[in-house]
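Two complexes, one shared chain (subunit A), two partners (subunit B, subunit C).
For the complex of A and B:
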């Protein structure tokens, strides 16, 4: 009876996911094999949407742009976020202080995304604070062009996604007994081995989880590259461009290819460590 | 205080400054009298907050935020959409996470399904939902936005909640069950009190992710939409003015006050 009850309890989540995730994805998969006619589609099987997309001269550029910006952002978030998560887990002793730090980390996320992005204009723009400071100090003679370059994209993405890296690493580190670190130090283990063999290895499920969170958040964001990286062409942007022209089969094919790229990266990451260990093992 | 503790605190402070840097300038510049986003500020004013609405102000970018009823409509819609998403996320995440602790048939498949909810790019979910409803001949409503936000937030909340469960929780439940305590009483008197903060965290996460989501919402937003889609649409049509920095400042103040109250409640609960 209790066993059957457990299966009934997973039904609300399962039904929601089937109806609002699996069915839309299924429709997009089927649609991607339909013949495109403007505006819309004709029910006639074809693989031309995939072939024309994959063989287009822009595809390679879009793929490289998408992967290097998303993986790059996830990597920068890891480098900056890992020490923060370590300090948060082991150096902040009071639970009250931890609660306040968590809430202060969350607060900027309640400010609208677009406003948060345009706020960078006042800092990174040609008439912004950074250029004003550098010009007045005499370090530069003409304003630096940061906005509308990939550098601006990395800065904005790292700022908005850092939290998604810090939280999972904190969770993984929270399971590490601090006495293990002390024991290693008492046994005169060199610092780099304490960091790598104990701290980093224990946090690996959290690192991978955070990497996935940041990677997926950035790979699906086509608005930031279009606005702040000088109209950088990405796979996500191509989905939106096709859809805005009512080219549903091409938009679906581009979307499915984007999902396949995500799944390949996820598969590689899960080969390094199984994040199920963080969850229920 | 040890040297390493001081370095740790300085590092955390630097990261906070980086995270809050755009917010700091947003707040300062919102008091600039000029509509242009420029430094240095020549004249301070509250014009973009509470200034008079002139009849000639047809361009919404120049209407002081207090008079922009469309913005406040979007805020109301956002609170409603994010609030319902938070409640649904809480229910789905709690029920599924508690059940998934047991070795069920298809547990791994369900886990990957939840992961798929997170890794599927927003554009794909949004477009797929639009196509699905167009094929069904059903019009898109606010509930579609709530549903796709719930799927996204539940995936995130599910992983975070399961990772935070007390390892002893199952032991307590099994002990109570061995003593033939009614399952509902076990849930109400043992399970729920021990996981209430995880449930609250899942709700907060659901609210935040739904509030900030732009890509998914852009596809299914209709009418005024929610704050994220409304401001994005306004800025793609009309020029950027200081008015939007005033809107950001109001949201900053409200969210900081709200989250500080939450932090205090959590701290008292932890005692």
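For the complex of A and C:
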């Protein structure tokens, strides 16, 4: 009995996990094989939901849109976030400055999502802050159309997800032994090799972790593309569209396919780094 | 022989309060086995990092092979450094760790493979190529770090405490290997240690460091037999120190008045100590004999109070009139006949003694305070 007591600690988490993830997912999986009857379903096994979804003319466009926006955002976040995390860890010496930077990064999360969304109008709109700045600096002669294009989607997603890239990289970099960098320099590594071979590769678990966070966050967000990217069709949006029409079996099948796409990408990412390193190190 | 390393008036501050190196100056001959010995926190590692170029300094000059090293990045210096913390790359295998330097030098694959396996064999780690440094013990990591520094065959090899965490047997083996590699390559080795045996055994020349300053420079024999300060005498080898005052000079012999009697000391011939000078009279424990009589001897009576067994000798502590304690290294077969709490006559040859005028090169220290460790 005592031997099993230690498992009691994982019980609350396990229960939450089972009831709010496994069970709904199970229901969704079962539902995806039911025959759709508007409004609702008929308990009758069929794979037609999957077949019609996968063979529909929009599927390929949606898949490409979904992947390139999510992976693209994660990639942009990495390009911006890695140098940031590097400076934060190795160049910013004072703890005070670090606290301010963390505050600054967290600030957007203290603002309500709706307000933040509306704010994008006045920033990215044709008469917005960004266009005014570009116009007055003489870089462009007429306002750029940013809102309701994929560019707006990238800007908004990068802004809201950057933190999820920076944090894990930060943690990974913070764990590095700074003397390791000196050791590489003494072993004749020029600066760019030190950054790539030592700092980047040693913090790869953190990089992959950040990539996964951003990717998962964006692939599941169907509102932002629908709202700001000019009605861009994504896999996530199709789930919501079906659901809003009470087409539960189709919505479930689309959801499962989105999940599978997500798992495939995660599998590839985790192949790059040893998953044990993410867990134990 | 040229000077491969020249360091002049090197000063290094950590922040505004910690002075790690205080005008350190020394030179290393090309092809020398140079040892820096000192307690932890004396600035050895700081000095090594400055030589390697991974740490900047505040003032002074560092020349390597006659070239001023100010602003020269580490990868453009012909040297390698083994870090005290090992600083292995955790995301690389043992093989890749050791191969890293060779790869950066653009060596071909075959050469790298051969060199890495040679280096691993040398440190007794063959077969560990594919292991991660994270799976190794402290001693094993130290050996990998050593192999990584050795394999690039630099003109100057800096080794920061390279063998302090391996077992005694391997220490002996590695010390012999160092000597062999040093002789074979003809390169300059600079090694730091806090273990006197390593310093005395390995060094061609050595410096004794004490919190940011150099106490003494010399060959191991010079440092051991003719220490210049109380600190150097104590740090390199064990020594009995009795504070006293020079009473007179009789021919070649100084007469030193101490609390426990007047003792003779043969003058080393260097310089002249004026009568009335406060100093420390020193005699190493292996020269103190129990119940014997010899020529040129100094005698004193002491009560045998305790002993420490070291295997090849026994360190016996004698209390002299309750004023001072003297250590004598006695062979075990003789020590067995000595009885605790009994009084014995101790004697030593005046030629084996040293007179130390300075407690340390650091100014303003009181000799009694240094000896009795206030």
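The criterion applied here is as follows: the second predicted complex is superposed on the first by the 260 of 281 C-alpha atoms of A that agree within 3 Å, B and C clash if a C-alpha of one lies under 4 Å from a C-alpha of the other, contacts with A are read in each partner's own complex, and residues count from 1 in each chain.
Everything below uses one rule, namely that a residue touches a chain if its C-beta (ideal position, glycine included) is under 8 Å from a C-beta of that chain, and two chains touch if they have at least 3 such contacts.
Just so you know, these numbers come straight off a predicted model, no measurement behind them.
A.B. asks: When the two structures are superposed on subunit A, do subunit B and subunit C clash or fit side by side?
C.D. replies: fit
A.B. asks: Could you look at A:31 and tell me whether it touches subunit B, subunit C, both or neither (first, second, both, neither)?
C.D. replies: First partner only.
A.B. asks: Of the two partner chains, subunit B (first) and subunit C (second), which one does A:106 touch, if any: first, second, both, or neither?
C.D. replies: first
A.B. asks: For A:210, using the defined touch cut-off, is the partner it touches subunit B, subunit C, both, or neither? Pick first, second, both or neither.
C.D. replies: Touch partners of A:210: none, neither subunit B nor subunit C.
A.B. asks: Tell me the contact category for A:193 with respect to subunit B and subunit C: first, second, both or neither.
C.D. replies: A:193 contacts subunit C only, not subunit B.
A.B. asks: Have a look at where A:202 lands relative to subunit B and subunit C in the superposition and call it first, second, both or neither.
C.D. replies: A:202 sits against subunit C, while subunit B stays out of touch.
A.B. asks: Of subunit B and subunit C, which one touches more of subunit A's residues?
C.D. replies: B
A.B. asks: Let me test your reading of the model: by the given contact rule, A:184 touches which partner, first (subunit B), second (subunit C), both or neither?
C.D. replies: Only subunit C is touched by A:184; subunit B is not.
A.B. asks: Can you report the least C-alpha distance between subunit B and subunit C in the superposed arrangement, rounded to whole Å?
C.D. replies: 11
A.B. asks: State which residues of subunit A lie in both footprints, the one left by subunit B and the one left by subunit C.
C.D. replies: Common interface on subunit A, subunit B vs subunit C: nothing in common.
A.B. asks: Give the list of subunit B residues in touch with subunit A in this complex.
C.D. replies: Residue positions touching the partner: 4-5, 8-9, 11-12, 15-16, 18-23, 25-26, 29, 37-40, 88, 91-93, 95-96, 98-102, 104, 107-108, 110-111, 113-125, 127-129, 131-132, 135, 147-148, 150-151, 154, 156, 159-160, 162-164, 183, 204, 208, 211-212, 214-215, 227-228, 231-232, 235, 240, 244-245, 247-248, 251-252, 254-256, 258-260, 262-264, 266-267, 270.
A.B. asks: Along subunit C, where are the residues that touch subunit A in the complex?
C.D. replies: That would be residues 49, 52-54, 73-75, 79-81, 83, 85, 87-91, 100-101, 104-105, 134, 148, 152 of subunit C.
A.B. asks: Mind pulling up the subunit A residues that touch subunit B in the complex?
C.D. replies: 2, 5-7, 9-10, 12-14, 16-17, 19-25, 27-28, 31, 80, 83-84, 86-88, 91-92, 95-96, 99-116, 118-123, 125, 127-129, 132, 159, 162, 167-168, 171-172, 209, 212-213, 216, 219-223, 236, 239-240, 243, 248, 251-252, 255-256, 258-259, 262-263, 266, 275-276, 278-280
A.B. asks: What residues of subunit A sit close enough to touch subunit C in their complex?
C.D. replies: Against subunit C, subunit A makes touches at 177, 179-180, 182-191, 193, 197-198, 201-202, 204, 277, 281.
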